[in-house]
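Both complexes shown next keep chain A, but they swap its partner, so chain B is in the first and chain C is in the second.
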Partner chain A sequence: MNSLIDKVFANTTKLIAISVLLLVAWIFGVLFEHSLKSIEAFGFSFLTETKWAPNLEKFGALPAIYGSVVSTFLAMILAVPIAIGVAIFLSEIAHAKIKTPIGVSIELLAAIPSVIYGMWGLFYFVPIIRDIFGGVGISMLTAGVVLSIMILPFMAAVTRDAMNTTPDILKESAYALGGTKWDIIKDIIIPYAKAGIIGSFILALGRAIGETMAVTFVMGNVHKISTDLTQPATSIPVTLANEFAEADTELYFSSLFELSLLLLIISFTIISIAKFYFLRRKRIGQ
Partner chain B sequence: MTHTQKRVITSSIVMALSTLSAVIGIGFLLWILSILIINGVDALSTTIFLEEGAPPGNENGGLKHALIGQLMLVGYASVFGVPLGILAGTYLSEYGLKSKLSEIIRDISDIMMSAPSIVIGAFVYAIVVAPSGQFSGWAGSIALMIIMLPIILRTTDDMLQLVPSTLREAAFALGAPKYKVIIQVVYRGAKAGILTGVLLGVARVAGETAPLLFTSFNDNFLNTDMSQPMASLTVTMYNYATSPYEDWQKLGWAAAFILSMFILTLNVLGRLFLLKRKGK
Partner chain C sequence: MATIVDIKEEKALEVKNFEFTYAGADEPNIKKLTMPIAKHNITALIGPSGCGKTTLLRSFNRMHDLYPANRYSGEIIFKDRNILTKNEDLIKLRTQIGMIFQKPTAFPMSIFDNVAYGLRLQGVKNKTELQGRVKKALQDAAIWQEVKDRLGHDANGLSGGQQQRLCIARAIAVEPEVLLFDEPTSALDPISTAGIEELIVGLKERVSIIIVTHNMQQAARVSDYTGFMYLGELVELGRTEELFVTPKERLTEEYITGKFG
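On to the complex of A and B.
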C-alpha cells in the first residue's frame, strides 16, 4: 500500500514538474501558430516595415521595435549609474545602522507594481516634461525616465548583492596596503564581482524591455519613428496593451501575436544571457 | 600634490558622487511613495469598500467590484498555482535533485520569472478567450497562475533543499515511506520557507496588470461569475487613471494605495517568516 502511494506521489510531482516545461513549449507553439497568418502575409518585411495601419491591413513592427529599443536604452543609461551609486553607497559607504533599513526599503520598492510607477508618471512626470520640452509631455523620453525609475530598485538591489559577494578578506587586505575606498571598489570589488554586476544589468534590461504598465501610460502608442525623443512613440508591449482588446480582423490579431512572439524571444534571449553567461547559478554541492 | 593625496581626493569625489546618486535614486522613490500615500489616503473612504463602480460625476462610486474581483482572480490563481508549484518544487528537490531534467526545469523557471507578463496574457487569450468567445475571470486567473507557478516552484525547491538530509535519513531509518518523509518531515521543516515563497508569489501576481488587460478584461460593476469579464484593482486603476474624470482618477489612487499596502504587507510578512526561520 505504502509503496503504491509512494509511486503515485513520486510520479504526480514528476508529471507536474515536466508540465512546467511543456507549458513553456506550449506558449511558444501557440504564439507561433497564431502568428502564421501575419508571417505568411508580410514575411521578414514585418520587421522592417514602418507602416502600422490596421484600417489598411498593413502591419509593420519597426516603430514598435524601435520604441522598445530606444526607451529601454534610455532607461538603462539613466538607471545604471544611479544603481551603481546606490549599490556602492549601500555596500561600502552607508553606516551599518542605515544600511539595512535602506536596503530593505529598496527591495520592497522593487515589489511595488509597475502600474503604480506608470500612474505616477502620467500625473506627476508628464507635466514636468511638458513644461520643459513643450508638446503633450507623453513621449519616448517620459517613457524612458519612468522605466528607469521603475527598474532602479531591482537593479540596485541585485548590483549590491553582486558587490557583497566580494570576500571581506580581500577588501581588508587592500585596505591594509593603504588603499582608498575607491581603490578597493575599482581594483577589488569590481574585478571580483564583474560578472555578477554585468549580469544584473542585463537581467534588468530583460525586464525593462518587456515592461508594459510603467510605459503604457506615458508613451502614447503612436506608430511613428521619430528621432525627437519628446514625441509620442510606441513599443512592443505598449502596442499589445493598447490594441489587443480592440483588434477586429484576423490579420490584425495575427500581427499582434507575432509581436508577442517577438517580445518573448527577445526577452528569453536577454534573460538567458544574463542568467547562464553571467549569473550561473551555483549548482548543488559547489 | 603627492600621489597619495590625489588618490584620497579621487576617492572622496567618487564617494560623494555615489552618495549623491543614492540620494537622487532614493529621493525619486520616496517621492513616488509619498504621492501614493498622500493621494491614496486622501481618496479613501468607507464608500470605496461598500459601493460598486458608478458613472463619472456620481459621488457614490466605489471599488467594491474591483476588490472582490481582484480577490477572486488572485484567489483562484493561488488555489491552483500554489499546490502545483509546491508539488513541482518537491520533485526537483526530493526526487530529481541533481538530474538533468531538474536543471532544465530550474533554468526555464528562472527565465519565466522575468519573462514579460503581457505575453502570458496573449497566450491565454489564444487558448481561453478566443475559443470561448469572451473575456472571463477564469482566463485572468489562468494567466496569473502561469506567472505564479515558476516563483512557487523555485522557492519551494530552494527551501526544501535547506532541510538537513539527516532529518530525512532519520525518518527513513524508522521505516517511513518516502512520501511520508516528505510530507511529515521535509514539508514541516521547510514550512516557513514555503510560506514565504507562497506569500511572495501571491504578492507578485496581485500587482499584475498587463496579463489581465485582455483576459479578465474589466467590468464596472460587481460580478462574481468567473465565466464573465471581471474587474480587478489593477485594470480598474489603469482605466480610471487614464480617464479624464477627476472622481475616477481619485478612485484610481485609492485602488493603487489599497493594492500597494496589500502587496507590501505580504512582502513584509514573507520576510518575517524567513527571519524567524533563520533565527532558529
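On to the complex of A and C.
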C-alpha cells in the first residue's frame, strides 16, 4: 500500500515537472508558428534590415537589436564597477552593525517593480540627461542609466553572496602570510568567487536585455540606428510593448512575433551560459 | 599554579599573564597564562576541546584581530618586544610568525604562484630570485619532485597531503622564525600524516615550532616540549619524554592515560 502511494506521488511530481518543460516548448512553438509569415517574407534579411516601416509593410529588426545590445551594454558598464564596489564593502569592509541594514535594503531595492524604475526615470532622469547632455532626454543613454540602476541591487547582492562563499580559512591563510585586506580581496576573494560573480553579471545582463517596462518610458521607440546616445532609440521589448496593440496587418503582427522569438532565444542563450559555465558551485580543500 | 619545566634553550616566545576573551563571551577562554617557548624546538600544545590551545596559537600571529571585539591582555614577548601592543606591525609580524591550518588551503592559483605569494607580498619581483626561492621552499617541503613538472598547474589539483606540504612550502618560503601548526594533519590520511610529521621535525633546525594537536601520539612523536592545557589554563609544561612518562600533575596524568578527554 505504502509503495503504491510512493509510486503515485513520484509519478505525479514527475508529471508536473515535465509539464513545465512542455510549457516552455509550447511557448517556443506558438512564437515560431506566428513568426512564420515574417520569416517567409523576409528570411535572414529580417536581422540585417534597418528599416521598420509598418505603412510600407517593411520590417527590419536591426534597430531594435542594436538598441537592446547598446542599452544593455551601457547598463553593464555603469553597473559592474559599482556592484563590485558595493559587494566588496558589504562582504569585507563594512562593520557588522551596518552590514545587515545595508544588505537588506539592497535586497529590497532588487524587489522594486520595474515599472516604478521606468516612471521614476521618466520624471527624474529624463530632465537631468536633457540638461547635461542635450537632446530631448528620452534616449538610449537614459535607458542605459535606468537599466543600470535597476540591475545594480541584484548584481551587488549576488556578487556579495559569491564573495561570502570564500572560506575564512583561505582568507586567514593569506593574512597569515602578511597580506593586507586589499591583497586578500584581489588575490583570494575575487579569484575564488570569480565564477559566481561572472554568473551574476550574466544573469543581470539577461534581465536587462529583456527588460520592458523600465525602458519603455524613457527610450522613445524610434527605429533608427544612431551612434549619438542622446537620441531616442528602441529595443526589442520596447517595440513589442509599444506596437502590439496597433499591429493591424498580418505581416506586422508576425514580424513582432519574430522579434519576440528572437528575444526569447537571446535570453535563453544568456541564461544557459550563466547556468552551465559559471554558476556551478565549486568546493575547496577536501 | 602550573608546573613549568626549566627551559635551558633560548626562548623564541614568552607568554606572560595572557588573558583572552572572545567577542560576546563573559568568561575568558584563556586565563592568566604564562608559558615560555623554546627556540629551535617543537612545542606541542595538547588538551581537551575548548581548553584554549588553538586560541593561544592564534594569538601568536594576532589572527584574532581579523575579527572585531575580541579582548585580550597580558604580554607575548617576541624578539624583545610585546607583540600585543596596538602599534605592532601585523603585516611584518605575520611574515616572521607563519601559520599552517587544519585543512590544506591552496589558493585559487598555480602551484608556483601559491609558493611565490608571500614573497611577492614582500615585494620580491625579480624572476630568477622568485624561481630560486620557490624551488628551495618546495624542496624543503619535500614536494619538489612531485610538482616540478607542473608548477603552472592549478594547486587545487593536488592531493590533500600534497596541498598541505605546498602550504608548508608557502609558509617557509618567506623564511619565518616561528611556525604555528594548527592541527595540521587532522584532515589527512595516515601516510600523508607521517610525511607531514617527518617534515615538521626536519624544520626545527631553522624555525621554532608550536603545534596544536588533538592527537597525543603525534605530540609524543614530534615534539621536544609538551604543554598540557585545561579550561584555559596551562597545567603543565615539560620535556615531552618526561611529561608522557612521569607527569608532575595529577590532571596531566589523568588526561594522558585517557581518564577524560
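Here is the rule we use: the second predicted complex is superposed on the first by the 268 of 286 C-alpha atoms of A that agree within 3 Å, B and C clash if a C-alpha of one lies under 4 Å from a C-alpha of the other, contacts with A are read in each partner's own complex, and residues count from 1 in each chain.
In the analysis below, a residue touches a chain if its C-beta (ideal position, glycine included) is under 8 Å from a C-beta of that chain, and two chains touch if they have at least 3 such contacts.
Keep in mind it's a predicted model, so treat the numbers as computed, not measured.
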item	value
Contacts of A:191 with chain B and chain C, given as first, second, both or neither	second
Partner chain(s) touched by A:183 [first = chain B, second = chain C, both, neither]	both
First (chain B), second (chain C), both or neither touched by A:227	neither
First, second, both or neither for A:55, with chain B first and chain C second	neither
Touched partner set for A:95, first chain B, second chain C, both or neither	second
Contacts of A:175 with chain B and chain C, given as first, second, both or neither	second
Comparison of chain B and chain C by chain A residues contacted	B
Chain A positions touched by chain B in one structure and by chain C in the second	178, 180, 183, 284-285
Residues of chain A touching chain B in the complex	2-3, 5-6, 9-10, 12-14, 16-21, 23-24, 26-27, 30-31, 33-34, 81-86, 88-90, 92-94, 102, 104-106, 108-109, 111-120, 122-124, 149, 152-153, 156, 178, 180-183, 185, 203, 206-207, 209-213, 216-217, 237, 240-241, 244-245, 256-257, 260, 263-264, 267-268, 271-272, 275-276, 281, 283-285
Residues of chain B touching chain A in the complex	4, 7-8, 10-11, 14-15, 17-22, 24-26, 28-29, 31-33, 35-36, 84, 87-88, 90-92, 94-98, 101-112, 114-123, 125-127, 135, 146, 149-150, 153, 161, 177-180, 182, 203-204, 206-210, 213-214, 217, 234, 237-238, 241-242, 249, 252-253, 256, 259-260, 263-264, 267-268, 271
Footprint of chain C on chain A - complex, ascending	95-96, 167, 169-180, 183, 187-188, 191-192, 194, 284-286
Residue numbers on chain C that touch chain A, as the complex places them	61, 63, 66, 68, 91-92, 94-95, 98-99, 101-109, 117-118, 121-122, 156, 160, 163, 167, 170-171, 174, 187
